[in-house]
Amino acid sequence: MQELGRAEHTSVRVTPKGKDQVVIEKDLSSEEMILNMGPQHPSTHGVLRLECKTDGEVVIEAEPYLGYLHRCFEKHAEMVDYPGIVPFVDRMDYLASMNSDFAFCIAVEKLLDIEIPRRIEFIRVIVSEFNRIASHLVAIGTYAIDLGAFTPFLFCFRDREHMLSLLEWTSGARMLYNYILIGGVAYDFPEGFKERALEFVGYFRPKALELQKLLTENEIFVKRTKGVGIMPADVAVNYGWSGPMLRGSGVRWDLRRMDGYSIYPELDFKVCVPDGRFSDIGDSLSRHLVRAMEIEESLNIIEQCLDRMPEEEGFDPKAAIPKRIRPKAGEVYGRAENPRGELGFYIQSDGKSTKPLRCKARSSCFVNLSAMKELSRGQLIPDLVSIIGSIDIVLGEVDR
Amino acid sequence: MNASLNAWSDALSELHLLGLPVGLVVIAAVPLVFIALYALTYGVYGERKISAFMQDRLGPMEVGKWGILQTLADILKLLQKEDIVNKSADKFLFVIGPGILFVGAFLAFAVLPFGPAFIGADLNVGLFYAIGIVALEVVGILAAGWGSNNKWALYGAIRSVAQIVSYEIPAAIAILCGTMMAGTLSMQQFNLLQQGEYGFLHFFLFQNPIAWLPFLIYFIASLAETNRAPFDIPEAESELVAGYFTEYTGMKFAVIFLAEYGSMFMVSAILSIVFLGGWNSPLPNIGPLSLNDWTTGPVWGAFWIVMKGFFFIFVQMWLRWTLPRLRVDQLMHLCWKVLTPFAFVAFVLIAVWEIYVK
Amino acid sequence: MGLLDAKISKHNVLVTSVDNVMNWARLSSLWPMGFGLACCAIEMMATNASNYDLERFGIFPRASPRQSDLMIVAGTVTMKMAERVVRLYEQMPEPRYVLSMGSCSNCGGPYWKHGYHVLKGVDRIIPVDVYVPGCPPRPESLIGGLMKIQELIRMEQIGISRAEALKKLEEKSMDPSQLIQEARKSAKAS
Amino acid sequence: MGETQENTSQLPEVIEAKAVWAVLKEKFGDAVSEFDENPTMPFFEVLEPERWLDIALFMRDSPKLRFTYMACLSGVDYPEEKKLGIVCNLESLGELGHKIAVKVRCEREGGVISSVARVWKTAEWHEREAFDMYGMTFSNHPDLRRILCPEDWEGYPLRKDYEVQETYHGIKVPE
């Protein structure tokens, strides 16, 4: 490399359009500043801490520091018996407890090798799809706040509240349900659930459209997100991205389709990927669009499930729950599609105790966030915020 | 006509009670009382209520009837708070910053005509003075941000200075367009020139086919000058915690807060004076219905200018609660590559119109 | 006790009415710090959002600790976070209040026994005024907790300490079982 | 291959995984253990932890295998055998679709496993987490620090014989 001289400072910045912009500042010694973002910062979505090396507004490198919400899930999983783990799973990804429980129960049921009644499967899919919409709404709302739009956030929370009340009606809790149990669910749907759920779907469709008009079609929003934080598909796979993040990079990969667990193979839904007309594939906008489209698909799934769900008089949702959950010795890796990606559980059982020997949660946010360092390189501070928002982290799941 | 209007204020200013110039005090005090009332309660309260209305909420409800005492409670509380000055802060700058901001924002009110009779000082360079004094805020912001010795505050201050200084240019050129139409810099003269029996048709916005362009440019630039969304990057909550006032507590913070609302009204008032006739009634005389005459007068004048100011503040709030925030470079792009060239174009076109067509 | 203290502690008319106004101002504009830690933070956000709308009471979250009066510790405090919580508390100007929201910050919650990295109660590091139980507490109970803080502020006066105010509040508060019984009686009567 | 009649009852996933294992066994010989036909998670073990990186690179790049996606990497403690280990769940995402799990073990005290953070970026943070929780080192890891616990935390929490420290920076830790 050519010697530039002491007083000359060169910085190269990749502009959103991909053209390299070389700035030569003469006779100006520009120092790097360490900017500490978080753990208490409005846009780190909880207690993430980013240590940014900045040169003016340009972030040279942002190093994430985790563990501010490390609640020792894996230790607890080794200390309590299988049904007792479910509440801890709830508290891991607190925005999508149903989906997390679902993933955990899939893993344990695979190990136990038990058959689940068909109605239970429908109930599980319906509640977890409701929770997926709720979770995506929070993701979209907080993303809007990150970009300075306050109203969409409140619209999202307003509509989320309806879903919470539906789920509360079913399970008795607003956020952390402990509803999906190993081998069953805690309660059957209450009387009239179907009507109210359908009513909600009818109410929510136009509201989702309104949200889209307010936020996604806003030119400033598009300007702030398009071309920001582009992640090519192969790198995304190498980083282990999954869920909306990976689909945002254009990979048509959804565990609901690929693994085909539960009753998803019978259902008709699209795996949403951006088509590249509105966004650059792999940028923040694509990830946002995937979430917006998935809300639509989840509504379709709910409608189909409500339609096809077998009605049974005097149905006991706890009938299939084993009396004593003590799996035979073995190992399992079970996973399901969480709103944030693949949530997997690696469980090791020794066959003797009712507690797992080892239970590791493969958290989707943890993996998605690991690309932060690479994504943030050479971005502006506002873009950094935009990227963190589009990753949609839940610190409870990152740190476990 | 002018004479009759001024006669009213002259008569008032000569009103002496017990040898005291009560009339003069009233003339000077009414705008100030208005400022205090407006800035202290209705600006902040209105913003909270309007945002609540847009977001399906209620807004302040419990403090006083419909929460109208909310802002008063806020100010009283901020007065009681501990006043923290950082150990490592530059104490002089830290203290002087909010002062400059507040004084800068409210000094401009001196030349603001609140009606045919109410004006603090009818300077012959009133408009120039107003723009200049509003721009003084930059110094206060920089002092506040630098003095805080906080990285977020520094970022906020630097962003803010870059933004305000840049947006001065299109704003000033847009105002110059208005000045060319009027041929004066006196605020009161602007109003008098836009008077007439056809109401709004006499406003400069409708007097010239190109006038909407500087009007729009000034409105956008004024958003940036007062750090309102979508240009609120200096205090971007999600990026910079609270921008240049991150470190301020108690009353200093309240002062900054109020200064913001003061300058919001100021730019709205300038906009309405230059392009929308200030205190003139927009209603025209239609045959026997002489609406314009009925709605003209000292009290009506104050009413109209306040209403026009409120309208623009409402639009500012509306935008704030609808739009996301621009990025720093996009903001500069908008200023230098869009607004400034268009402002020049408008300037030339209006000059041509004024000289050759009119 | 000095002469001035003695004068003030007698609660004369002047002092009490100033107190009332000042307390009214403080309790009507409690600005919490927008400080979310875990699950409870989502419920706190839901309480701020349209359906529960804390702004009705003038409660309006601020991002900077310097401009906030109230710290809602919403969620699990871990060992790594503990020192940051203390620092944030110290950055807040007096008078400041702390509301511990949810079981985790009250006492460690479900992480009490095996949570090696979880702080068993935020009151081990900072003084807490009001505890709100629940995992997570519903928005209604958070609002209830905030009302309790407002009551506490109402009890404060020039010349009496926070501890005394808390004691006064305790004396004033009713036994919940009594309340329930009363409600039952009235229900039966109707 | 005398178990052809048993293969019919096996799950397709296990059969696929076995084919993968056969390729690896042929290439690496003794470094790869026998195949475990676990119906819920078929796996094999890498017997020589220092060759794990070569195997990983081969698994990712060989056109027959193409394991592009690392789903999970979990640290495991085996107190009876005085060993620590990792379990990696790999998948050929979007290409061949097969899955397999790999186990690598090392000594409990001062054990070293070669890092695969260069092969799959996912492994970088997962290995840091395994180091944080179990204390095995990963050779040639780009940035091996504790990730979840604070830097000055004592002990490795997920080891079976872990004892919680009494105080941390003057704050009482246990109940």
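Here the chain labels run A, B, C and D in written order, and each chain numbers its own residues starting at 1.
Methods note: contacts are C-beta pairs under 8 Å (C-beta built on N, C-alpha and C of every residue); 3 or more make two chains touch, one makes a residue touch a chain.
This structure is a prediction, so every number in the text was calculated from the model and none was measured.
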Higher number of C-beta pairs in contact (C-D or A-B) found for A-B
Which chain has its C-alpha centre farthest away from the C-alpha centre of chain B? D
Per the C-alpha centroid definition, the whole-Å distance linking chain C and chain D comes out as 47
Please tell me the distance, in whole Å, between the geometric centres of chain B and chain D computed from their C-alpha atoms. 64
Counting in whole Å, what is the centre-to-centre distance of chain A and chain B, each centre being its mean C-alpha position? 44
Measuring centre to centre with CA averages, how many angstrom lie between chain A and chain C? 32
Chain A residues counted as touching two or more neighbouring chains: 41-42, 67, 70, 72, 75, 154-155, 158, 399
Touching two or more other chains - residue numbers and ranges from chain C: 50, 63, 80, 113, 116-117
Which chain D residues sit where two or more other chains touch them? 148-150, 157
Just say which it is for the chain contacts: an open line, a closed ring, a star, complete, or other. other
Inter-chain touch pairs (all): A-B, A-C, A-D, B-C, C-D
In the complex with chain A, residue positions of chain C that touch it: 33-39, 41-43, 45-46, 49-51, 63, 65, 75-76, 78, 80-81, 84, 88, 110-111, 113-118, 135-136, 138
Taking the complex as given, what residues does chain C use to touch chain B? 21-22, 24-26, 28-29, 50, 53, 55-58, 60, 62-64, 66-67, 69, 93-95
Which of the residues in chain A come into contact with chain B in the complex? 33, 35-36, 41-43, 57, 144-151, 154-155, 158, 214-215, 218, 220-221, 223-224, 380-383, 385
Over in the complex, which chain B residues touch chain C? Could you list them? 48, 52, 55-63, 67, 69-70, 72-77, 79-84, 237, 241-242, 245-250, 253
Which stretch or stretches of chain B touch chain A in the complex? 51, 54-57, 151, 155, 229-230, 232-233, 236-239, 241, 321-330
